[in-house]
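Each chain gets a letter, A, B, C and D, in the order it is written, and its residues are counted from 1.
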Amino acid sequence: MTMRDVQIDLTERPSLENAVFIEGLPGVGNVGKLAADHLIEVLGATKFATITSKYFPPQVLVLGDGTIRLVNNELYFWKAKEPGQKDLIILIGDYQGLTADGQYVLVESILDLLVELGVTMIYTLGGYGTGKMLEKPRVLGAATNRDLVKDLKKKGVVFRKNEPGGGIVGASGLFLGLGLRRGVEGVCLMGETSGYLVDPKSAQSVLEILSDILSVKVDFTDLESRAEQMDKLAQQLRDLERAAEGPSDEDLRYIG
Amino acid sequence: MTMRDVQIDLTERPSLENAVFIEGLPGVGNVGKLAADHLIEVLGATKFATITSKYFPPQVLVLGDGTIRLVNNELYFWKAKEPGQKDLIILIGDYQGLTADGQYVLVESILDLLVELGVTMIYTLGGYGTGKMLEKPRVLGAATNRDLVKDLKKKGVVFRKNEPGGGIVGASGLFLGLGLRRGVEGVCLMGETSGYLVDPKSAQSVLEILSDILSVKVDFTDLESRAEQMDKLAQQLRDLERAAEGPSDEDLRYIG
Amino acid sequence: MTMRDVQIDLTERPSLENAVFIEGLPGVGNVGKLAADHLIEVLGATKFATITSKYFPPQVLVLGDGTIRLVNNELYFWKAKEPGQKDLIILIGDYQGLTADGQYVLVESILDLLVELGVTMIYTLGGYGTGKMLEKPRVLGAATNRDLVKDLKKKGVVFRKNEPGGGIVGASGLFLGLGLRRGVEGVCLMGETSGYLVDPKSAQSVLEILSDILSVKVDFTDLESRAEQMDKLAQQLRDLERAAEGPSDEDLRYIG
Amino acid sequence: MTMRDVQIDLTERPSLENAVFIEGLPGVGNVGKLAADHLIEVLGATKFATITSKYFPPQVLVLGDGTIRLVNNELYFWKAKEPGQKDLIILIGDYQGLTADGQYVLVESILDLLVELGVTMIYTLGGYGTGKMLEKPRVLGAATNRDLVKDLKKKGVVFRKNEPGGGIVGASGLFLGLGLRRGVEGVCLMGETSGYLVDPKSAQSVLEILSDILSVKVDFTDLESRAEQMDKLAQQLRDLERAAEGPSDEDLRYIG
């Protein structure tokens, strides 16, 4: 069967109530992707839909065993286990749409399905590039109404006037903007990140706040060990750079 | 409901007679946008339509209170108060269409509505980049027929052969060209501007002529104070530049 | 009425027999455009169709009298006056389509009309960039069948193996290729040109051969005087360049 | 008749059984194209379909005899002659689609026809750029299932973890990914190549493995002589480069 412009293939149609949708596609520092991938893993969420599209790159990925897979986006669901929790739908993927209009069409097509499945709240996850390495990245927020802003501030989310100045570009922005057109409220959580490296530390900051909001327990061991690896890598890069530059005045101060 | 390629959502359908349409989207020096934004404010015009489209960037803006808004264009109306005035529809927005064909589709879609609402005359507002700062920017014109050209000259609008040489690109040009195809006459007013900075002084020049044509009184206090701020900013930029260069021969002439 | 993707507005529908179609849109050295513009003028051909499209730039041109015109393509016709002549349809315009797929759609839309009007032969006119100024530019050819190639050689058209190496790009190529799909034969005539300047001399070379083929008399006075102007301009550019460089070894040989 | 977005014109509809499809469009080192062109020639396969599309460049090619041809893709078939052989369909062409979405639409349109014609297996051929000249290029593989991977390893195809790291881009990837969506299994064979020059040697490596799999005998004389020509060309390039550089330390070692 010929693929549609946006083809959503469901392996099952989960029965959910007042579900919360979480978007974690690739972006600045891959913060949203890391956070959503990790959430799926620790919750043991179930894949139920594969999204392929002519708006993605014309590309297959070669997996470790030599088999190929068309680049795609995937939807997972997780049913609430305890009081205070919500059913979840989580979106992850290899790419966002390549073109501006492709981004609109993709997000609208996915929203069509989400509304059918009863989604009543959206969380989009991303990174906020600061240009510098941060020991303790903060989480910036944006939301579709002021009550949500108030609630998020209580959870430690930072709101700074005129940030992000350029608004929120891509799927993290469009799911909120186009969701609101359909009456679905939402929040964007952006972890501060240098913007130069994949940033598991920032992803953890985002996920700490999200898991608090959603009342789900998340083990961060994996993300922490990935963050340590990235720290080592960053240190090696700094050492290499310093070696190439020769001793600086600052270094000499401690030698003499 | 899924968004159309160009989605125009009306909060009300104003009843207007022989309405005049004014376009003020972003462009060179943001002259048209500043002028139209100011006109809406001083007239107290009423917003009645929001335009969203896949031809705009895939982006939401974050407002001062932490809430988001999908990038859009907006239509306002204002009903004539005195004899000699006309009902007005004013278009402002965050962006023009991103692609050439998107620009055509957006302008055609908006014209469909304008014709329904009885628009019989179009004014498009823009900037004309000269590459230099001007104390008293002039207003260049173009129109859909020679009688309009004659009328505009009497109002102080400048027509110079072969200017603008590259024609008028974007919404300011298309509304005239595509409007004319439907039998709606129109005028483009272009304020001279350096092209380097947002230019409230040029916007005021344009608005002085437009308000004269439309027989509406416009208070310019706001634009004037913004122009003063821009003048100070431009002066600071020049000072910084000079400081960086050191004293020039020209400076020394006055010292010695 | 909303504009179609390619909108062809006819002021009249000429009644023609076995008409010959001539394409002269902008391209290398504007050779094809200059030739077709000149042919329309000297024949006194009649405009009968205006083509506007979202595949053209979103732009209006400002004419000498201050009025505007949407960028377009135009069709002219000319009825045979003497035995041996053919009815002609000539295409000129401001631009070719901006995108690759836009070029296909534009050419197909125009071919739809041409076939309706009974066109049985196509001549496309263009320039062939050689990178150097030529006193007597030759005319290279390509055609849809070998008999045409043979005929053209007799008329002085040059066929060189592997030239043009990159094939023929744009409307001059597509009208032949897509015309042939509909059973309409055709020829491309390419005047050699430096590629740096608009080239009336090359346009004259092309038109000399085309007018011979079509048995129409063409006065070249206008093109010749434009060619002289371009020669002067080119000489001035060379003088300026030389002055900037200072005397070269070659110059000194003649001084000493 | 107006051309469709992807126009497939059949001169005949071959009656095939469990046919194998082979793709060899232009790409890195033109390895796939050289291999498929050669296979068609040595097998004497029959052309049965021409594919033209607005997703190709707007261009005609000028052939040796001065006639033109619209850029296209072509399908050939070959019927099995001996037990152990399969009916074949081979795709070659001048270009792949210009845009990402054009690539998807082209591959889907061709797959529609292939499925109708009973294709049950796909081989896509391409090059894998290594950045250096190789005396004996290896053939890397990827496949739609693990059994195929196992079979290919036995035939000498190399599978290396994380190669190609960027996946497989273009038609060679999409035919596998989109074919699999329709239940058609497939394999990609990628010959190592420098990526700087057209590489008949790499094409031969790919074709040696493919002809073994397909149980067809392939004479390589032509490819070998082309490879020798390319070797000479590469040697000349190296000599020119060395001459320009002057004697290097390495050269002097052998002189003294």
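Following the convention adopted for this analysis, a residue touches a chain if its C-beta (ideal position, glycine included) is under 8 Å from a C-beta of that chain, and two chains touch if they have at least 3 such contacts.
Remember, predicted model here, so these are calculated numbers, not experimental data.
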Both-way neighbours, i.e. chains that touch chain D and touch chain B: A, C
Angle of the C-alpha superposing rotation, chain A to chain B, to the nearest 5 degrees: 90
Maximum centroid distance from chain A, chain identifier (CA atoms): C
Copy pair chain B, chain C: interface residue numbering same or different (half cut): different
Length of the line joining the C-alpha centres of chain A and chain D, rounded to whole Å: 38
Set of chain D residues in contact with two or more other chains: none
Every chain pair in contact, whichever chains are involved: A-B, A-D, B-C, C-D
Chain C partner contacts - residues on chain B that touch it in the complex: 97, 100-101, 103-105, 107-108, 111-112, 141-146, 149, 152, 159, 161-164, 166-171, 173-174, 176-178, 180-182, 188
Residues of chain D that touch chain C when the two form their complex: 1-3, 52-62, 64-71, 98-99, 102
